[in-house]
Amino acid sequence: MSIASTQKKGFGAILWDYLTTVDHKKIGNMYLAAGAFFFLLGGIEALIIRIQLIKPENDFISAGLYNEMITMHGTTMIFFAAMPMLLGFMNGVMPLQIGARDVAFPFLNSLGFWLFLLGGILMNLSWFFGGAPDAGWTGYAPLSTSSPGHGLDYYVMGLQLSGAGTLMGGINFLVTIVTMRGPGMTYMRMPLFTWTTFVASILILFAFPALTVGLFLLQFDRMFGSAFFDVALGGNSVIWQHLFWIFGHPEVYILILPAFGIFSEIIPTFSKKRLFGYSSMVFATFLIAFLGFMVWAHHMFTVGLGPVANSIFAVGTMAIAVPTGIKIFNWLATMWGGSIKINSAMLWALGFIPSFTIGGMTGVMLGASTADFQYHDTYFVIAHFHYVIVGGVVFGILAGLHYWWPKFFGKVLNETMGKIAFWLFFIGFHLTFFIQHFLGLMGMPRRYWVFLENQGLDTGNLISTIGAFFMAAGSIVFIINIIYTTAKGEKAANDPWGTGRTLEWAISSPAPEYNFKQLPLVRGLDPYWIEKMDGNTKMTPAEPLDDIHMPNGSILPVVISIGFFIASFGFIYQVDNKSWLIVLFAGMVIAIGSMLIRSLKDDHGHHIHKEDLEKEAD
Amino acid sequence: MSHDHSLSPEIHDPAKATHEGKHKYLGLWFFLGGETVLFASFFATYLALRNSTAGGPSSQELFGLELVFVMTILLLTSSLTSVYAIYHMKNHDFKKMQLWFGITALLGLGFLGFEIYEFTHYITDYSFTFRSSAFGSAFYTLVGFHGGHVVFGLSWLTALMVRNAKRGLSLYNAPKYNTFAIYWHFIDVVWVFIFTVVYLMGMVS
Amino acid sequence: MSHWMGKLKTLLMLSFTAIVLSACGKENLTALDPKGYGAEKSMDIMILSIVIMTAVFIIVAIIFTIAVVRFREKKGREDYIPKQVEGNHTLEIVWTAIPIVLVFVLAIPTIITIFDLADTAEAESSIKVEVTGNQYWWHFDYKGEEIQTSQDLYVPVGKKVYLDIQSSDVIHSFWVPTISGKMDANPENVNTMFIEAYEEGVYWGKCAELCGPSHSLMDFKVVAVSQDEFDQWVEDMKNVNPEEKPQDAVASEGQDLFEANNCMACHAIGSSPVAVGPNLTNYANRTAVAGILEPTKENLVDWIMDPESIKPGNKMTGNYPEVSRDEAEKIAEYLMQLDHSDVNPESAGGIID
């Protein structure tokens, strides 16, 4: 057990500890918790959408509220639920997997988290201050520039804050992986999850600035009277679509690649077999990322870009099927000849393969531009991306939660409840979304507040809504499982699965503050498995026991984030009343002042002393 | 692992002698990768809108090469002086480093002064503003974001120079100076693109 | 497309629709039963891609099932350590190469059809209609014919009709699933596409780009009639006399009220550049009130009395003087008598219920 957690602490002290922490594991846990919270919000919004669509011409919610609901559902799920939870895994697992004691920029890492959290809170506060954004999560101009009220302003500021936070996280992971790999941990010995963290971080780095620019243009048009999207003054609304999708398509891979990484850890562990075609998996990851930047305009086939552009982007899109196919077949080949143990974590991974394959199939179908003229902006697209994002990313997150729960929280989740949750969610998922492929082709565009009577869309929508409730039930069982495990679960061993392959399973569950008392010597891919096969129970140390240097905690990331949070209100409301500029400046002073303090005040960190380490158990 | 930050003579590059230094160095390069996409997006937006004058003044009417040429010289020179400063840092000569960084800051300030003059000139003499047309919005946003980067760089440099004036060079602050210098070069490169894409292309077409 | 594809198509349409769904949606709304040039091309590519993808899925599913069943951990052999296989070059090349081939098989016909559908060679010699998307209705202006209409687009069957699509406000998207794929209506540029209906009929059209609260209520129709009927319709529409007095007294009063309340500021009757609101020429033959309601007088009265309750966020609400129910009924009576052509939705076979 770590030094910190052996001492009994009061609530205030724990709160302060989390507010000031720069420990990547605690930050990871906070990402997971915040992501889960937003996941529930987004889920409730999804249920409201499905209730509205349970029957034709329903009036459960009004048209305006419906548009707010779909916008917040999409934005919340992508930016505030899926991505943060994946960042949580990256924080919690990646440094352990490469044999590092810390990340390269612990302070920045913490700042990234708080910016994301306050960005998410900011956007959701719009519900209470005059209405949420209502132009869809894609916020197409000029609907977004002309949307009345402040909903879209909250959208802009919320995404701007959390986007900056995510960018910081990405840079931190990149530098960590390049510079902090432990002794013997060469690039081609890195676990696949670390690889996908690396590649997803590259995507974050090069994709998010495009969104930042798009949001600035939208912000300037809405708040300061510029004319980027104002056709009367020569503006062009298609620019927004380009910028949004230059970010938006890589964003899909920012989500799915880490999920691929999670499956690439789970499938070998529970097949007791090394990952088949490791190098081609790494290569395919890079190829998907590269192609992911080349295909943004396949979201814009009906914009009128012309046949040449449509053809190029169609072929590029289809090409992504090749590296994705390589991955699917490698996972199958990993299981082939193995000894497959099916528990909850593995069940989610097994459920993923056929579900995601369907999503991939419809992806290629959507890439065929001629056919996309029919699919585009219908429920077919809704079905497709939910197969990819739920069937891929959410399944990945749930698989990862079962798999690494003991490493994060020291307890193994209950298996029975895990399986019940899986089957409820899995059945509900297919029930909800499979039928939507057909609804789309039968003439139901997406973002429809009502569908009309007698248009042959009633049964399909009813089935879809029923499925959504199954998914909700599955989620509730999972929550009960968490509560039950926290209260009753038994303490987990270092390697609770017995077949762990990577470094995180060589240390205690949960990991101590400094991760590794002595940095381990890595002798190949799957280093812990290698030691176990050689009859060793733990890793061979690569260094003598010595003092460990650790970064100091700081409250400044919270203060900086709050500064920007306050300034955001200034930005939003100065449109109505210029005296809000005071709030804007006050927020900026807090934020920039804190940054200055950080910059000018020396922080050399602290040491955990050798003598204290010797007292700790392994 | 020692965490003594004093400078010993055998250290060749004090900016990259510590773990923190290496992290900062690499992290800044990655950050500049993201910044490149940021400016590329602004450039693309500008290129798409540069003829959308909505009846207002066009680039040919507005731009004058003399002013922009002087600004270019100032900023390019400031990049050069920051190279001298880093050279002296590697020789562990703190005073000369501060001196050359001081000159860098002054040149940057000069650039900024001219830019402010340029914007005021357009606004008062041509009534060409951020709100005049899509071209106006795109111009002020692209050039303004660059200017904003210059302001940030100058504040950063000033803070560093004042903070460390009495402390001398150490392994703790050398990486900070070094990352600033790389950032400053980046701003310079962006300006070269602005000079070409905005001003030169704006004069001819 | 080639002969084999036609056969495959029939086979697939049968099995695919029969197994998965009892019906493939409402006739003249669904994209799965194409009756126009663009929809047919899209369907061809859809079927080709579904065939390829289903084959891939079946292969994945078979390998997956065998792997999970055959290689499950056996009771009593929990300590068994399988052989740690690094990879297999032959296999890896196979499952890289085959998808590349499949991508080519799909990409080539896709590109051919993309260019085919973007072909504007016949645009000059064909009927051209300027289509304008508005919150939340569609305006149609027949080029060179001085005919403007709204919501119902009349086209001759078997002919390419070129549409110059644009928006007056936010982005909309023009979609008639049974006849053709969609094209966005952007505020800054005109997008051109053609539609060609193979059969006479009234086809549902939908807006397919989020455009505000009433996005889902922005329906329209394409009425495909025979060439003779279309010519007749053009003739009728050109000869509309907007000043014409209705026969009965109630409708006459309605006409006076229509004028007194300045409805013409937005709604033209007859050919007119006014397009603030829908052009109401030939209103008696409209397939729907406000694009979505049964074309009855009661519905029209409801609309005139309180459009907000029918289409939230519409631009009519609050922009005209308050009218009593009595007045609204008279106006409705007047509009319902604006029967300017004998060519109507019934000529095209009527609306499918």
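Order of writing sets the labels: A, B and C. Residues in every chain begin at 1.
Everything below uses one rule, namely that contacts are C-beta pairs under 8 Å (C-beta built on N, C-alpha and C of every residue); 3 or more make two chains touch, one makes a residue touch a chain.
Please read all numbers here as calculations on a predicted model, not as lab measurements.
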Quiz item: Chain contact graph: line, ring, star, complete or other?
Solution: line
Quiz prompt | Relative to subunit B, chain with the most remote C-alpha centre | solution = C
Quiz item: Would you say A-C or A-B is joined by more C-beta pairs in contact?
Solution: A-C
Quiz item: If you average the Cα atoms of subunit B and of subunit C to get two centres, how far apart are those centres in Å?
Solution: 52
Practice problem: Between subunit A and subunit B, tell me the centre distance in angstrom, where each centre is the average of that chain's C-alpha atoms. | Solution: 34
Quiz item: Once you find the CA centre of subunit A and the CA centre of subunit C, what distance in Å lies between them?
Solution: 36
Exercise. Scan subunit A for residues touching two or more other chains and write them down.
Key: 235-236
Quiz item: Hey, which residues of subunit B end up touching subunit A in the complex?
Solution: 1, 3, 5, 19, 22-23, 26-27, 30-31, 33-35, 37-38, 41-42, 44-45, 48-49, 52-54, 130-138, 141, 156, 159-160, 163, 172, 176
Self-check item: Touching residues (chain side subunit A, partner subunit B) in the complex
Solution: 104-105, 108, 167, 171-172, 174-175, 178-179, 205-210, 212-214, 216-217, 220-221, 224-228, 230, 232-236, 239, 242-243, 246, 546-547, 549, 596, 599-600, 602, 604-605, 607
Exercise. Would you pull the subunit A residues touching subunit C in the complex into a rising list?
Key: 62-64, 66-67, 134-136, 140, 142-143, 146, 231, 235-238, 271-274, 276-280, 302-304, 306-307, 310-311, 314-315, 318-319, 321-322, 325-326, 328-330, 332-333, 335-342, 350, 353-354, 357-358, 361-362, 364-365, 368-374, 376-378, 438, 441-443, 445-452, 454-457, 533
Self-check item: Complex interface listing, subunit C residues touching subunit A
Solution: 20-21, 23-26, 29-32, 38-39, 41-46, 48-50, 52-54, 56-57, 60-61, 63-64, 67-68, 71-74, 77, 80-88, 91-92, 95-96, 99-100, 102-103, 106-107, 110-111, 113-115, 117-118, 169-171, 173, 175, 177, 180-184, 186-189, 191, 204, 206-217, 219, 292, 312-313, 353
